[in-house]
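Next up: the structures, one after another.
Two complexes follow with chain A in common, the first pairing it with chain B and the second with chain C.
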Partner chain A sequence: MLTILFDGIAYGMLLFILAVGLSVTMGLMNFINLAHGAFAMLGGYLTVALMQHQGLPFLACLPIAFGVTALVGAVLERTLYRPMYKKPHLDQVLFSIGLTFMAVAATDYFMGSQQQIIQLPEWLLGRTEWFDGALGMGHYRLFIIAICAALTVGLQFVLSRTRFGSRLRASVDDPRVAASLGINVNLVFAATFAVGSGLAGLGGALGAEVLGLDPSFPLKFLVYFLIVVAVGGTSSITGPLLAALLLGIADVAGKYYIPKLGGFIVYTLMIAILIWRPHGLFSRLGGGK
Partner chain B sequence: MQKRHFIRAAAALALAGSLGHAAAQDNTFKIGLILPMTGPFASTGKQLEAAARLYVAQNGDTVAGKKVQLIVKDDTGAPDVTKRIAQEMVINDKVQVLAGFGLTPLAFATAPVATQSKTPLVVMAAATSSITQASPFIVRTSFTVPQVVTVLADWATKNNIKKVVSLVTDYAPGVDSEKYFSQRFQANGGVVIETLRVPLRSPDFAPFLQKVRDAKPDALFTFVPSGAGSALMKQFAERGLDKAGIRMIAEGSVTDDDILNGMGDVALGVVTAHHYSAAHNSPLNKKFVEAFGKANNGMRPNFMAVGAYDGMRVIYEGAKKTKGEGGEALLNAMKGQVFESPRGPIYIDAQTRDVVHNVYVRKVEKVNGQMWNTEIQTVTDVKDPGKAQ
Partner chain C sequence: MTASNPLAAQARWRPWEPVLWLAALATPWLFKEHALIINEVAIVALFAVSLDLILGYTGIVSLGHAAFLGFGAYSAALFAKHVMPDPLVGLLVGTVAGTLLGALFSLTILRGTDLTRIMVTLGLTLILFELANKLDWLTGGADGLQGVTIGPLLGRFEFDLYGQVAAWYSLVVLLLCFVLARRLVHSPFGATLKAVRDNRLRAMAIGIPVLSRLSVVYTLAAGMAGAAGALLAQTTGFASLDVFSIERSADVVMMLVIGGVGWLYGGVAGAVVFKLLHDVVAGITPQYWNFWVGLFLVVLVLVGRERLLKPWTWFSRKGAA
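Now for the complex of A and B:
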């Protein structure tokens, strides 16, 4: 049963990397970006294209997926998203879901609608078994957990210990006062948005092997992202992390023990948690904007 | 709105006396080909269209002195769109025959149009058993899911597979294959330890495959859409199910010729049953595969393509017999046709209007650096077991 736990953690970690950007834009910048999955898809397709057409190794593709997606995120933030910050939430939702549909259609047109297949390097393909097979760990899943854990620590450090982190938190709490103190609020937001998008891109690249990759990716996983954010709350990094882990483990274990209910377990769990704590598991008391 | 369409259709029919007669006047023979060409099933439409066009290119665009006009429309894989396009084709374009139908629901939605306008409808792809019973005007040239999975079940029994776990995607063809495979396998004395259904949108096979591994069957029987198939096979190997001595047997769509080469070595050794393999060893098939590749940028024809190719053959030969007339005459001329297809010998059962052909058990092998479904056993003249019940 340790295997199930292990798979669940790997799955949860992946969800966390994919969703953390959404949690940042939603919680810190108070902007609902439903097009978040489209950035993840971009990262995935970049990896596929680079590997298949340029012959780049998988490892080299990961930073590129991060960098290019972040760049695209920054450009879109400057051109499309910034005017939307002050608009009501409904406008933001309509705007970003529209973007998603455009991304889906464009991908379908240029890349075709079939599932994309990634060939992993040999050393990631194996599997290690411990305790007489009670714990089997796929190397690729270990790799995902390692990368995601490192990223989490890094993110937490940047947000809570660095100057940039405190500027970001200040900008979020009161953009006008922050600006009057000499903080370039626009730049801080743009950088945050870009990093969030880049992380999604990285998640998409890492997840292509486990989650599959086709043009409907942003819509297929939007629900999972939103669950992570809703359950985890948007006020910290640890909230979404624990929510993603919980979701991953519940999903995998649910499908293993009660396959008939399949993906239903996750939604039940979410409803139960949200009834118990409407602002998410780890939100500040009375928080939630 | 739909009701009005039908009233218009009825009026048009009454005025013209008969549809075939009306269309005969402009000296063309029109084939309305409705395919999913965009959306998630675009690859199906692509194969079907390419094969239909290849047949026309090879056999000329006149039949019985009439000019053949192929009207191709995209239904995006949505049943209501298929039905609307079919109505427009019957009323406005006055097509003699409807063809295509990439998915089961699309064929079911259009069946009433065929019945009411007495237009023959050739199903070139959809594979649910009961489709031909939805209208007396439906003829099928693809295959049926029960046809192939029962053959696979027999093969499994003969090859020392006594316990299986079935893992299928939770949608009509998946459920169909689970049902007919389990029935036949159990009737042969085998044990189905567990039947698992994966949601169509399930992102990760990990928990299901772990379940399979822990159940320790002799083989895993599976049917998932071909795109998901490669992910399944990868995770099957990654999870070490092959090393645990579990074999993988599948409905033939899982190792779809169209994408088999992209699946990588994990697909090697997978045993499937189907009615067509691009590796089928016959002069006719070699010619077909070569011509298809030449006309389509090296693309390999899959089972969808052969369904469309044979469908066009059935329509052409039918039209020759009726001298270009449509309606019931054309339907009757299609029934009972016997011919050699790239897939092997095939005939259209005059009673059920369904296809009867050989079903092949195949194994994925690497030949000259390419992956192929090599045929290892042939079961001749398989009728659809679904009709017997």
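Now for the complex of A and C:
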């Protein structure tokens, strides 16, 4: 019971790190970016490649995964994404799903279609049991929770306490007024997009062991990212966090107790929530239209 | 005469349209060896036309239209297997099944933003996928529903191995549905749909019952997609999980975009181009077909999709199209 809760939280935290960038992008520029998973996959594959071919330790790979993905995100934002902001949603969906298809096929071409395996360091492999085995905690999952919790606190701090955070929030609330107050909305957005992509890359690197890593990764987890964003709403980071935790726990518990139903519970839950509150569970807009 | 003249003029059949359809009906006879492909094209064209009703004419962005295709396919296949093998009755069953499901699902697309609709339509399709996967005593699970035998059409024409009968069957159903859809979008009802698409608030203000229009057109489109599914199951004698996949829904959106959204022939043209391209490219690089599709989509959106099939607008002023 407790073990499931624990695994669910670890899974949810991971989903949150993966999806938080997407939530900010959608909230800030009203841009539906279905290619977000591709950034996560990039992070994961970078880690695998660096560890296998360069022999770098796992911990050293994580910041690299973050940095490189953020850089790629910034470049793509500047070149490809920016003309898309003003286009209708259908165009955005087509564009980003096209990017995803390309990423999937390119990965397949360069890395092969098999599952990639990450060799974790010794100290992350064990498992601690408490309460006579009622609560079994894998060390790696503890590690994930610790990192993700630290990141969440950090993000929350940046958003609520720093000048950049207040600029970002102003841009989310009303880009036009923010721009007229002298905030460089484009720059704020580029930076946010880069950090969001970087976080996705980091999440992909961390999650490679838990979620599995193969070329279909962006499509397989796309639905989960979108659930987090759609259910959590795009106006804060607590919304997506709670949504991610809910999703993680529901998914792990559902798969453990009623394996026959598979992803059924999660999807049903999502649809029920979205019909009930179309703007997300924790949105400030509330349930109305 | 009256103010309705321009609208009536739009609705009139152009001289090239009957010619086009006659040519289409002649293709299974002219290209006997490609009848299977023609059959497939006709089915996906029907599917694309049904999506055009909701995406192009009403502006509902859906990533889950395959739900109705799949539901129609499984209904028709199960009906043929357990009740009776007559194809026309089976087609009716598939259509009705799609319509009912559409009526039910239409409740879910009335509220919320584009994102919510994308998620809900996607989620519902995933649920059906899981259902078809897990109810293996009924649907055969991941192996697909096998052993479906379809009786002769009208009690007379057996479905042959080369697919000529199947191609004609699908083409005729496509033509009937197309005429229906054409009539629909040029009717006053169709005009209100376009009003809802262009400005929902204003449409509501001039007294159009927006919600009921949305659910009616969604239901109709679902019925048509169900018919396409039934055709698919009957002409292949098989129904598999693949009919519910995300790729199906994405492909059909893509076809529509290639041909042109909000134009009924767009769906047909897109289906033809897409299937032929698929055949050619997949022949060269079967594994990396998706890469080229993706590249195509990205370029398409960057260039501007409404100008793709209108080369004369490529060099004109921006915004003229």
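Criterion: the second predicted complex is superposed on the first by the 278 of 289 C-alpha atoms of A that agree within 3 Å, B and C clash if a C-alpha of one lies under 4 Å from a C-alpha of the other, contacts with A are read in each partner's own complex, and residues count from 1 in each chain.
The criterion applied here is as follows: a contact is a pair of C-beta atoms (placed from the backbone, for glycine too) under 8 Å apart; a residue touches a chain by one contact, two chains touch by 3 or more.
Computed from a prediction, not measured in an experiment: that's the story for all the values here.
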{"item": "First, second, both or neither for A:G138, with chain B first and chain C second", "value": "first"}
{"item": "Partner chain in contact with A:L125 - chain B first, chain C second, else both or neither", "value": "first"}
{"item": "Touching partner for A:Q115 - first (chain B), second (chain C), both, neither", "value": "first"}
{"item": "Partner chain in contact with A:V104 - chain B first, chain C second, else both or neither", "value": "second"}
{"item": "First (chain B), second (chain C), both or neither touched by A:R161", "value": "neither"}
{"item": "Partner chain(s) touched by A:T268 [first = chain B, second = chain C, both, neither]", "value": "second"}
{"item": "Contact residues of chain A, present in both the chain B and the chain C interface", "value": "108, 260, 262-263"}
{"item": "Touching residues (chain side chain A, partner chain B) in the complex", "value": "3-4, 7, 11, 108, 112-115, 117, 119, 125, 127, 129, 136, 138, 140, 209-212, 214-216, 220-221, 224, 251-256, 259-260, 262-263"}
{"item": "Parts of chain C lying in touch with chain A, wherever the complex brings them together", "value": "55, 61, 63, 107-108, 111-116, 118-120, 122-124, 126-127, 130-131, 133-134, 246, 250, 253-254, 257, 261, 287-291, 293-298, 300-302, 305"}
{"item": "Touching residues (chain side chain B, partner chain A) in the complex", "value": "38-43, 170, 196-199, 201-204, 206-208, 210-211, 227-228, 230-231, 234, 237-240, 259, 262-264"}
{"item": "Chain A - residues contacting chain C, complex", "value": "26, 32, 80, 83-84, 87, 89-91, 93-95, 97-106, 108-109, 219, 223, 226-227, 229-230, 260-264, 267-268, 270-271, 274-275, 278-279, 289"}
